[in-house]
Amino acid sequence: MEAKDIIARRVASEFKDGDVVNLGIGLPTLVPNFIPEGVEIILHSENGFTGIGPAPEEDQVDMDLVNAGGLPVTIIPGGVFFDSAMSFTIIRGGHLDATVLGALQVDEEGNLANWMIPGKLVPGMGGAMDLVGGAKKVIVAMTHTAKGEIKILKRCTLPLTGAKKVSKIITEMGVMEVTPEGLVLTEYNTEYTIEEIQAVTEATLIISKDIKPMF
Amino acid sequence: MEAKDIIARRVASEFKDGDVVNLGIGLPTLVPNFIPEGVEIILHSENGFTGIGPAPEEDQVDMDLVNAGGLPVTIIPGGVFFDSAMSFTIIRGGHLDATVLGALQVDEEGNLANWMIPGKLVPGMGGAMDLVGGAKKVIVAMTHTAKGEIKILKRCTLPLTGAKKVSKIITEMGVMEVTPEGLVLTEYNTEYTIEEIQAVTEATLIISKDIKPMF
Amino acid sequence: MKKVISMDEAISHIQDGMMIMIGGFLACGSPHKIIDAIIEKGVKDLTIIGNDTGFVDRGIGKLVVSGQAKKVIVSHIGTNKETGRLMNEGKLEVVLVPQGTLAEQVRAGGAGLGGVLTPIGVGTPVAEGKDHLIIDGKTYLLEKALKADVALIFGSKVDEKGNVYYHESTRNFNPLMATAAEKVIVEAEELVKVGELDPHLVMTPGLFVQYIVKP
Amino acid sequence: MKKVISMDEAISHIQDGMMIMIGGFLACGSPHKIIDAIIEKGVKDLTIIGNDTGFVDRGIGKLVVSGQAKKVIVSHIGTNKETGRLMNEGKLEVVLVPQGTLAEQVRAGGAGLGGVLTPIGVGTPVAEGKDHLIIDGKTYLLEKALKADVALIFGSKVDEKGNVYYHESTRNFNPLMATAAEKVIVEAEELVKVGELDPHLVMTPGLFVQYIVKP
């Protein structure tokens, strides 16, 4: 299984029936493929609806109905349209059970940076700051490193998206919970040793005494 | 013509085609009877719609559709329903061309008191403070005195609904504009002399040099 | 997620001393059957947030008459003489709030905002003891956000996922309150299957609603 | 009140140096024909408030590419490389705002509120230089209300009184912006007669709309 599928599958097991979830663009959009049977989650799209359905057939594309990445999608029965103020009432008001986003950097305090690299790349935060600040659970889902570059740090060096907001980090190597003591490795992918995982992690990993395999 | 009809008729001449107007309960609700032909005003109901129509026939009463006084009404084509937040976005945001309300007291500074008499009557302000604070033009429409008691004062003694917000006072005796200099009598009902009007007005009336009959 | 429950179960979520929001405007759009069930159950010391205290025999006012409210936060009490009487006797605390401010305070509670910066009430008794902020030369009151333990709302059509449509002027405070409480219980006038409501006509997305009762 | 006007007349309301709001989310729900007409007219030094700068060849982004914007206030610029390039060259001022904050700032402008008290952005670069308020122990940023000279919105169905229905995810910022400008011009995808829209489905009451163009 590819790294991104490993990550998406593990993220999918975080949810319980009825959870309202916002999935960031990229890797997080793979999560619905792995939601277990019997669990129904409500997918929220910050541009203004709940109930994101699968991508339409090419001849069914309706450009009035796109996701937050601007791509055509569908809406499932029970989905609802609303404006941007209501969309962020849902996000900021604590009505999202979880958000799943990627990161440029994340650190042991639960700080997250994913909206700019000064002087280099400034896409803007879009809805990410609201999602990180408002969701009950903030799950960072990403490959453990970016082409060898370390992303899980002691302290983020890039401008923050949110301060001390991350709940959990899920990579292809393991699952790390953000606690007041630091990052606790609770599960790991047995294709790696714990030492190998620590070697590509700047933050000190506290090994949970209940640590178990990721799957 | 009764005093209240005189007042309502004069208020009705304040509006131009397309104006959005909120009419308080009581006397102001008579205003639509006198709107001139060719002028269409949009009536706003603060409980959540525009386009208040005439009262329904008894056998057409629908208790889902009431005005801000709780009485059954109708909605005209082009009317729109909304929630209380939108209703007061319209009011507070400056999107009402005028509001017409009664008063317990009004004064030469344009202060208005119409929501409580301490220790005696405390109905509450309802939407009146928002209406007085938000409408572009605040018209006080009332009988000049209340059973002989003077209501147009130098300074209100009752708790205020709004400070320095009144634009114009229209009574059965005349029309007074609130200006930085005080109340300017611009029109009067020729059934009274100016002296008679001043006699039942505590505020000093500045007589407009262009003063003219009320009709 | 089964949201449709019995009235008994719904009422079990309402406990002595709770802060509850109740939708409706002069009893139009109030959850009448839930109100009756609360009276039957006899919980006490409730703090009630609503637009008004309705009438002695209809709407929120019945809970004032029954003596189950220790405090009400409303914009208007003039249509229920019992509210004034109990207030004057010191048996009921009454906080009067301008209607538009109340709507925004509830909305802010639901939207995760700290409060509302409104010009309404400046220079009136409403402003006493509140922080005044001057922004770009204009004075605003800081009115804090409101939240509740339970919101009781009325929906004209509700689907099994809790999506709500409000007919005509029944909407008023209902959609705002649905965002601002730990638990939201909707009294459905009509219960429909998922997919039967036009997703554009849903005014409260089902994610806000925990329980539905169909009396 | 005749609101339906020609594109030429609509464009005449847009002048050099104006602050304009433009609806849409990654070009979904943007008034494309009006944008094209602005490019043809060639007004300059515009400050544009929108969710994002769309794409180089679609949406608000076309006004960035054409060099007519001197400043943009948006949440995201990552899908339009020209925005970043002009910003880096000092030819375009870019203010990045969290999407939910931007939505509320526009809403506050329309609702007559002084600003927004949001927890989003605390501890990030967004907070720099802004007032921090502590309310009940939690820190909020004071983000000021936004208003514009003109708002350009897109409506799927518009009646002759300016009542607007937005289809699917085209709604986004459009109804918020329709409340927050001196003049509101709506580009109608379909123009219908008064009375043809369900008054529950109207998302922008016509009172907010000054002009309608049907390209």
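Chains here go by letter, A, B, C and D, matching the order in which they are written, and residues are numbered from 1 within each.
By our rule, contacts are C-beta pairs under 8 Å (C-beta built on N, C-alpha and C of every residue); 3 or more make two chains touch, one makes a residue touch a chain.
Please read all numbers here as calculations on a predicted model, not as lab measurements.
Touching subunit A and subunit C at once are the following chains: D. Contact with both subunit C and subunit D is made by A, B. Annotation: 55 Å between the Cα-based centres of subunit A and subunit B.
Inter-chain spacing, taken between the CA centroids of subunit B and subunit C, is 29 Å. Between the Cα centres of subunit B and subunit D there is a gap of 35 Å.
Looking at subunit C, residues 104, 107, 111-113, 118-119, 167-168, 200 sit in touch with two or more other chains. With touch defined as above, residues shared between interfaces to two or more other chains in subunit B number as follows: 49, 75, 81-82, 85, 88, 92, 134. A complete list of chain pairs in contact reads A-C, A-D, B-C, B-D, C-D. Partner subunit C is touched in their complex by these residues of subunit A: 17-18, 20, 40, 42, 44, 49-51, 75, 77-82, 85-86, 88-95, 134.
Residue ranges of subunit D in contact with subunit C, taken from their complex: 104, 108, 111-119, 133, 135-136, 138, 140, 142, 144, 165, 167-168, 198, 200-201. Per the touch definition, subunit C reaches subunit B in the complex via residues 25-29, 51-52, 74-79, 84, 87, 94, 96, 98-101, 103-104, 107, 118-126, 156, 166-176, 203. On subunit D, the positions that touch subunit B within their shared complex are 1, 107, 109-113, 159, 161, 163, 179-180, 194-195, 199-200, 202, 205-208. On subunit B, the positions that touch subunit C within their shared complex are 45-49, 62-66, 68-70, 75, 81-85, 87-88, 91-92, 121-130, 133-134, 159-164.
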